[in-house]
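The same chain A turns up in both complexes below, where it pairs with chain B and then with chain C.
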Partner chain A sequence: MPGRGNLLWTGFGVLALVFLLSPLALVVFFSFAENQNATFPAGGATLHWYGVLFDDPDFWKALGNSAIVTLTVGLVSMVVGTAAAMTLARTRPALANALIGVITLPIMLPPLVLALALATGYSSLGLPLGLGTVIPSHVVFTQPFVILVVHAQMASFNMAVVDSARDLGAGPWTIFRTVILPIIRPTLIGATLMAMAVSLDDFIITYFTIGGGMTLPTMIWGMLRKALDPSINALGALVLVATVGTSLIALRLTRYRG
Partner chain B sequence: MGLTPAFAVFGVFFALPMAYLLVVTFWRIRRYRLTPDFTFANYQNVYGDYLHALVFTIVIAFVIACITTLLAFAIAYLIRFRSGLFGQVILLSALATLFGGYLVKIYAWKAMLGAQGSVNLLLITLGLIDQPIEWLLYSPTAVILTLVHFMLPFALLPILAGLRGISEAPLEAARDLGAGPWRITKDIVLPQCRTSLFAAFTLSFLIPAGDYVTPRLVGGTETFMVGNFIENLFIGRMNAPMGAALAFSTLLACALVLLFVNWLLKRVFTPKWGH
Partner chain C sequence: MSGPLLRLDTISKTYRDVTAVHPLDLEVGRGDFLALLGPSGCGKTTLLRMIGGFLPPTTGRVEIEGRDVTALGPEKRNTNMVFQGYGLFPHMTVAQNIGYGPKIAGRDPEQIDLDVVRMLNLVHLNAVADRLPAALSGGQQQRVALARALVMRPAILLLDEPLAALDLKLRKAMQDELKALHKAIGGTFIFVTHDQGEAIDLANRIVIMEAGRIVQQGTPEDVYRRPASRFVASFVGDANMLPARRVGAEVAIGGGRLPAPGVDGDVLVVIRPDDVTLDATCPIGLDGTLAECRFMGPYQRLTVTLADGTQVIVHRPSGADAAPLPGVGDAVRLGLPPAACSVVAP
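Take a look at the complex of A and B:
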């Protein structure tokens, strides 16, 4: 290949990287900057905005709610998603793909439509809104991630070891616990972390199904609608570090690359 | 059956509420209460009052989907065919930011696109402009830029999977026969990853078409999208039947556009070996 073409591609790659990452890097940067308008010149470095945030009792309430939702959603998605992926791995590919197509519909549609459908449904049933309605509303769009990732891993799974275990008299649960689980454990944890990142970051579905409560993203929304509140950069940076960090660990564990 | 819990969740928290919302589009509001009925009045009102907003939204979402799919293809091409380690860095960055920061990304762009924002500052520093561009924020441009940025990692994944599925043999054969990179891309690569291109286009078209947060935060007064009207009908005016009718009309319009795009892609990218 001629060198000029490679140079062009490298330039394009650098631009793409800057486009993808610079908005996020700026939020983290300004969370430590004195200038409260989040513009340049940024002023000196400060932890002031984090101090303001940690003094806000709403932050701790929102953090608590987010933790409850994220952990529960992660756990439920892991169990439900893995059970589905195990069955799909033994289904013939055409049918399995069709079923996966159906169950991933909730992540294909605009979240607003599902959020309003859920809110309308809950209100018709007279269900009180709260974390109890948020959690299953999350699972319906986090379980597809677990199913997709675990199913992809099972595609390259050596089924001969399962057959040997069965021939030696092991039941399905013993086979899963002693043969399959040790091999797919990193993928399982990684897929669960992905589901948790998606749940932790969700704003639209949460906003319409939580009623009066607050999670970290709905707190960000509240701050955005008020006048200038510079600690929003600190809160944004924390949510960002939590979701990106979780995703990075998940990517390392699953070796999932798309 | 291992599938039972997953499909129970899907049925109770997706299929049923969506079906109920569809039924509600034929109902009415009487004395502030949802009342069963069988009327097409809500759809007629959508056609009368919101057609303009619907068309505007479809156009914006179409532009976003085109730019996102093109960019995602170029980046996926770079990762698959050009650079080794550097491509992996780009891929990892895209994947790591895939699941995080929907709201944070939107307000980051809000801060960046303002008159005092970093984009204007950068353009002035580079000497490309003298005065800050005032219309960057609160404009359709801001909405397009923000949503392209948000959708790009999602569009990258299916296209990259499609490119990885192309075997080396036909590419090498074409190269040996003297075909240049453009010719190979047009006649072999694009036709073979057509379905992944369509998947990327679908995602980056549907999600923006129903978004209301981005136009609300960076779109300003002239960029009201269907999502804003739907949200306002449900929350502000407590008219769930109208809002639901608008939501399903939007989904239907999107489905028609996607059918057309799929037909177009099939027509343009038919595999061309053998003649």
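Take a look at the complex of A and C:
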């Protein structure tokens, strides 16, 4: 009976989704709930916790830091990732695959190991920890996304288009600007947003490399260690919306093949 | 200027361990419509890309208008190419595609607009000027690629299998259009094709390549009527090849003699099916039996089996005034006009 089998699978799927998503839903739910302790009964709906959060100067500091890190990391990953992908596209396949293996190593490593390695590296170089160390650390594990996605597109890129542009008198930079870039732009923006989403909600690497400062995820960590304050749910909900939002846009854009 | 427009001097290309083009010389005159003809993999594209500057030759020199351009890239050569698959810019409209080269060249914007319109008129694309390439038919894309190259007023237009992607009917129409275009602008075209019919129809000169070498060049009539080798004979058009022997610079066949300078030994006598007659008065005659007769529309295709088992194909016009045919199984005598026979190595 295929009907019953289907029903079973559907039921199982729904359960799995509920299980996976319910903590997220609870965070959002309690960010609007009156109950001090974030337990049921929740009480009425309120924006009180968002108010508390917005009154906290630490929040604005963390938000500012997160914005600086995310935007810089996005920009740098985009430029570095694209340049690397363009170079790889011109390298012979065997070597290119080997290089991709090395470049993508940071996302294969356990984040804790990577964080430890970076922190040790900075301290042995005598670099003071801060945003200046967080940003390159993030780039180490965000640029593989850009490289992989852009390289995949370049592999299927119609090189006759590049030959045509050359034939019509364009130099390498003009070809990149007027032909390659417009064609890969949606992919590039998608990959950059993906890198930004990963950077925005990173905790471990940031925690190990930021020293005394705070970004939104490390602020959440700090709040968790103090009294349970429901404004943490408001903050969580905001980070959730920002990350999921950028990821969704990124997915849409990278799936687009112009 | 005197001298050829394009001169290739002992040009060759070796990729790692494969020699795609063996050292060869070639001259192309102003106004030529030259076909590089040969089977797939014989090095046509490689040769064309060396002329266009996309591939550095392994040996030799490329001269255009008397100037050595061997070291120059395509952006610095007075040539333009229509690529296999066209390579149109997918994010630009037809007009923007055509205007790309002039814009890079820094032509005056008003002049560019005029040039683009002139090109759109030339290739009949005014109605689709604002469309993206993806919204065009194969034939229209082909014409955009042509216009985009021609707007640069190249000394030589290079075309790589320009019609291969089109269906048969469109291909015929585009052949006519290409010929008209060549006439209208009076340029020099070099195109690559593996289709001998296309080469014969379009070109005023055909260069036949086999395994990276030029094996014959001449007018379409030259290469068709006087093939220099067995390969050319079988590659260009249909050919009957009759084994014979050369003795003392002569080949004896069917009671006649063909003058054929060369060393003594086995040879093949080549004759086209449309040159073979049923005329018994011909000085060279071969006796055989009519094995098959097929109606092909404009002509009839007869298969005649000779005494030694060799089959000879004969094409006869099937018009109303064509002479009545013998029946299948009847004895026939084939006439081979000596002027239509070529002698090649076996």
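In this section, the second predicted complex is superposed on the first by the 251 of 258 C-alpha atoms of A that agree within 3 Å, B and C clash if a C-alpha of one lies under 4 Å from a C-alpha of the other, contacts with A are read in each partner's own complex, and residues count from 1 in each chain.
One rule holds for everything that comes next: a contact is a pair of C-beta atoms (placed from the backbone, for glycine too) under 8 Å apart; a residue touches a chain by one contact, two chains touch by 3 or more.
Bear in mind the structure is a predicted one, so any value in this text is a computation, not a measurement.
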item	value
Fit or clash - chain C, chain B, common chain A	fit
First (chain B), second (chain C), both or neither touched by A:L253	neither
Touched chain A residues, chain B compared with chain C	B
Chain B versus chain C as contact partner of A:N158, first or second or both or neither	second
Vertex chain A; arms to chain B and chain C (CA centroids, nearest 10 degrees)	100
Which superposed partner A:P217 touches (first chain B, second chain C, both, neither)	first
Chain B versus chain C as contact partner of A:V113, first or second or both or neither	first
Which of chain B and chain C A:G169 touches, first, second, both or neither	second
Contacts of A:A83 with chain B and chain C, given as first, second, both or neither	first
Contacts of A:I184 with chain B and chain C, given as first, second, both or neither	neither
Partner chain in contact with A:F12 - chain B first, chain C second, else both or neither	first
Distance in angstrom between the closest Cα atoms of chain C and chain B, superposition on A	20
Set of chain A residues, in rising order, touched by both chain B and chain C	258
Chain A contact footprint on chain B (complex, rising order)	1-3, 5-7, 9-10, 12-14, 16-18, 20-21, 24, 34, 71, 74-75, 78, 82-83, 86-87, 89-105, 107-109, 111-112, 114, 116-118, 121, 149, 152-153, 156-157, 160-161, 181, 202-203, 206-207, 209-213, 217, 227, 230-231, 234, 240, 243-244, 247, 251
Residues on chain A engaged by chain C in the complex (per definition of touch)	158, 160-171, 174, 178-179, 182-183, 258
Residues of chain A defined as touching chain B within the complex	5-6, 9-10, 12-13, 16-17, 19-24, 26-27, 30, 37-40, 79-81, 83-88, 99, 102-103, 105-106, 108-114, 116-121, 124, 136-137, 139-140, 143, 147, 194, 197-198, 200-204, 217, 220-221, 224, 232, 236, 239-240, 242-244, 246-248, 251, 256-258
Chain C residues touching chain A - in the complex, by the definition given at the top	52, 54, 73-75, 79-81, 83-91, 100-101, 104-105, 148-149, 152
